[in-house]
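Next up: some structures, all given as C-alpha cells.
One chain, chain A, links the two complexes that follow: it is found with chain B in the first and with chain C in the second.
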Partner chain A sequence: MDAAEVEFLAEKELVTIIPNFSLDKIYLIGGDLGPFNPGLPVQVPLWLAVNLKQRQKCRLLPPEWMDVEKLEKMRDHERKEGTFTPMPSPYYMELTKLLLNHASDNIPQADEIRTLIKDVWDTRIAKFRVSADSFVRQQEAHAKLDNLTLMEINTSGAFLTQALNHMYKLRTNLQPSDSTQSQDF
Partner chain B sequence: MAEEADLLGQDSDGDSEEVVLTPAELIDRLEQAWMNEKFAPELLENKSEIVECVMEQLEHMEENLKRAKKGDLKVSIHQMEMERIRFVLSSYLRCRLMKIEKFFPHILEKEKTRREEEPSILSPEEFVFAKEFLANTETYLKDTALKHMPPNLQKVDLMRTDLLSGSVHMLCPPETLERVSLQWSLLLPPRLPLISRPLHLSSERVLIPKPDLDAYVFLRVKERQENILVEPESDEQRDYVIDLEEGSQHLIRYRTVAPLVASGAIQLI
Partner chain C sequence: MSEAYFRVESGALGPQENFLSLDDILMSHEKLSVRTEIPMPRLGAFFLDRSGGAETDNAIPETFVGRFRRIMDSSQNAYNEDTSALVARLDEMERGLFQTGQKGLNDFQCWEKGQASQLTASNLVQNYAKRKFTDMED
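== the complex of A and B ==
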C-alpha cells in the first residue's frame, strides 16, 4: 500500500471546523454533515476540512490531543516503555501532517507540535525495527503488534513480509523435492 | 457493528444478500474488501453485491446532482465524495484483475472443479476476462515462440482443453531442455507468473504458478477467535495455539488465517 493510500484512509477521520459560510445539512453517501452556520463548530471528515480550508471557507480546530504538554507526556511515556503505547488516534501522523501543512495558522505552537510528533514517530519506528529484527532472528511464527498504526506498519511492512516469505521458502525447501531431474529457474 | 450483525441474522437465504445496509456501512464494507484484496496473496471471493450496490449509489447520486444544479459548494462536495468512492472501487477491481492475470490457469482450474453450491470466486465478467486472457496468451505464445520451435514441440496448452489438469505439459528430450527453457523465459511477458514463484522445468512437465498461501500478512482482529494454531518455523519449535483478541493486531502466515479473512472475522492491514 502506498503512503498516499494510507493517508486516503486517514482522511475519513472527523475533525472540527468553524465555517464562515452557511449551508444546510448535506446528505453524503458516507453520512450526513452539517448544517453549516458561520461561527459555529461542526464535525466533518478531514478531506472536506482540508478542501474547505484551501478555499478559505473555514477555520480548522486542532484535535484535543494536539497540545504541547499532552504530546510531551506522550513522548516521554513512549520513550520509557519497551512496547508500543496507545496513540491518541490511529492516524496521528497523517492528521498532524495535513493539519500542520494546511492550517498551521489555526494551530498554536505548530512547530513544537511538529517536533514532538516527529520524536514520537522516530521512537516508535526504532522500536518497530528492533522488534522486526528479533522476530526474524528468532524465527518466530507469529507476532502481536497492538497499538501500531497503519502508517507505521506500512513503512516497512511490505519489505518485512517479502523477506519473511523468501526465508520461509528457503527453509521449507531444505527437504529434498520428489520430482526427478528438475531444473530451477 | 452490533446493528449490522442483527440485520445479517435476519438473512435466511444463502444466495442473495437481503441485508439492509446503510450507505455508510456499504462504503465501509467496500473499503474492507479493498484492503483485504490488496494484502491477500490469493484471489478472494468476489463481492459483486457490494460492487453493484456501490455503483447504484454512485449513479443515483449523479442523477441527483444533474437535477440540482444550484449551489456550487454542495455539488462540489458531493462530487469530491463520489471521486473518493470511485477510487476505492476501481482500485479494488484493478487489484482483482491483476491477480487474475497472474494466476489465470490456477483460477480457471479452480472454477472448473468447484461444486455447484459453492460461490464463485470470479464474477461473470471476470470469468469471461480470464478465459479471454487464456486464449490470448495461447495465441501469443504460438505466434511468437512455438511456430519457430521444432515441430514435435509445437503443441503447448496452458491448460488441457478439458481443464482437468492445471499443469503445462512440455515433453522435450533433455538436450533441448535448456534451449527450450531459455526461449520460454525470454518470450513470456514479464508479468506472466514465471517470476513470482520458482518454476521447475523438468523433462516431463512445467507446473503452473499458484498463489503463495504461506505469505506473511498483517491483520487486525474484528471478532474474537480462540485456538488458532501457529505452526513452527523451525524444527526446534513446537506448534502452539493463540487466542486472537478483538482489536489486536498480528503478523502471521496467511494460510492459518485464510478462512477467517473469508468470513470477515479479521481484517488484513
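== the complex of A and C ==
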C-alpha cells in the first residue's frame, strides 16, 4: 500500500466541524450526513471536513486528544513502555497531518502538537525495529504486536516480511526433504 | 497467402510472460517446490573433506540474522542520501532488502511532505524539455 492509500482510508474517520451554511440532510452511499446549520457542530468524515474548510465553509474542531498536555503524557508513556501503547486514533498520523495542514488556525499550539506527534511516531517506529530484530534473532515462528496502526505497519512491514521470507528459505534449505522432487528443465 | 492468425509463443521460459500468449494467460501461478541437482563429477570427496559438518550448516542463517539489524537501520534512516557506502558490502539479496526498506521510508517521507498529492512532471517529460532546438536540426 502507498502512504496515500492509507490516508485515503483515514479520511473516513469522523471529525467535528462548525459549518457556516445551511443544508438539509444528504444521503450518500456511505451513510447520511447532516443536516447542516450555521454555528451548530456536526460530525462528518475527514474528507468532507477538509473540503469544506478549503472552501471556507466551516471551522474544524480539534479532536479531544489533540491537546499539548495529553500528548505530552502520551509521548512519555510511549517512551516508558516496552510495548506499543494504544493510540487515541488508529489514524493518528494522518489526522494530525491533514488537520494541521488545512486547519492550523483552528488548532491551538499547532507546532507543538506536530512535534509531539512526530516524537510519538519516532518512538513507536524505533520499537518496531527492536521487535523485528528480536523476532529475527530468536527465529520465532509467531509474533503478536498490539496497538500498531496501519501507517506504521505499512511503512516498516514490507521490509520485515521480505527478510522473514529469506530467513525461511535459508532455514528450509538446511533440511532436504524427500518430498521435493527434482525436475528436468 | 499469409496466415490471418499467428500463434503467440509462451514467454514463460524466458525473462517475462508474453501478454498475448494463451498459454501464459491460462498458466497457473502456483509455486511448486523444486530441487535442482547439478552434477559435479568426481568432486564428491573434495567437498566432503572440506565440509564443516552439521554444526556449521547454520552459519549462513546466523550471518543473516546478525546483519539484519544493520540493514534495517541503515535502509530506514538514510533519506535522500548517497547510499553507496551502505550497500557496498551487501550481497544482491540484501541489496533488494535494503531497497525495500528505502522504498517504505521514501514513500512515507514523500507523503508527509505533501508530495503525494502534488502533480510532478515525470522524469521523461523533463528530459524532453531539456533538448535544444539545435539538436533537432541535425
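The rule is simple: the second predicted complex is superposed on the first by the 176 of 185 C-alpha atoms of A that agree within 3 Å, B and C clash if a C-alpha of one lies under 4 Å from a C-alpha of the other, contacts with A are read in each partner's own complex, and residues count from 1 in each chain.
In this section, a residue touches a chain if its C-beta (ideal position, glycine included) is under 8 Å from a C-beta of that chain, and two chains touch if they have at least 3 such contacts.
Keep in mind that this is a model prediction, so the values were computed, not measured.
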What does the overlay on chain A give for chain B and chain C, a clash or a fit? clash
Can A:Gln139 be said to touch chain B (first), chain C (second), both, or neither? both
Between chain B and chain C, which makes contact with more of the residues in chain A? B
Kindly classify A:His166 by the partners it touches after superposition: chain B alone (first), chain C alone (second), both, or neither? second
Taking the superposition as given, does A:Leu150 touch the first partner, chain B, the second, chain C, both, or neither? first
Touching A:Leu23 in the superposition: chain B (first), chain C (second), both, neither? first
Check the residue A:Asn51 against both partner chains and state whether it touches chain B (first), chain C (second), both, or neither. first
Clash-wise, after the superposition, say which stretch of chain B runs into chain C: 181-189, 217-225 or 253-261. 181-189
Share the list of chain A residues that count as touching for chain B in one structure and for chain C in the other. 139, 157, 171, 179-183, 185
Chain C-touching residues of chain A, taken from the complex the two chains share: 2-4, 7, 97, 101, 125, 129, 132-133, 136-137, 139, 151, 154-159, 162-163, 166-167, 170-171, 174, 176, 179-183, 185
Footprint of chain B on chain A - complex, ascending: 1, 5, 8-9, 21, 23, 26, 28-31, 47-48, 51, 57, 135, 139-146, 148, 150, 153, 157, 160-161, 164-165, 168-169, 171-172, 177, 179-185
Taking the touch rule as given, give the residues of chain B at its contact with chain A in the complex, in rising order. 23-24, 27, 31, 35, 38-39, 57-58, 61, 71, 73-74, 77-78, 80-82, 84-85, 87, 91, 174, 177-178, 181, 185, 194, 198-204, 212, 214-218, 230-234, 237, 242, 247-253, 269
So in the complex, which bits of chain C are touching chain A? 33-37, 57-58, 60-61, 64-65, 68-69, 71-73, 75-76, 93, 96-97, 100-101, 103-105, 107-108, 110-112, 114, 116-117
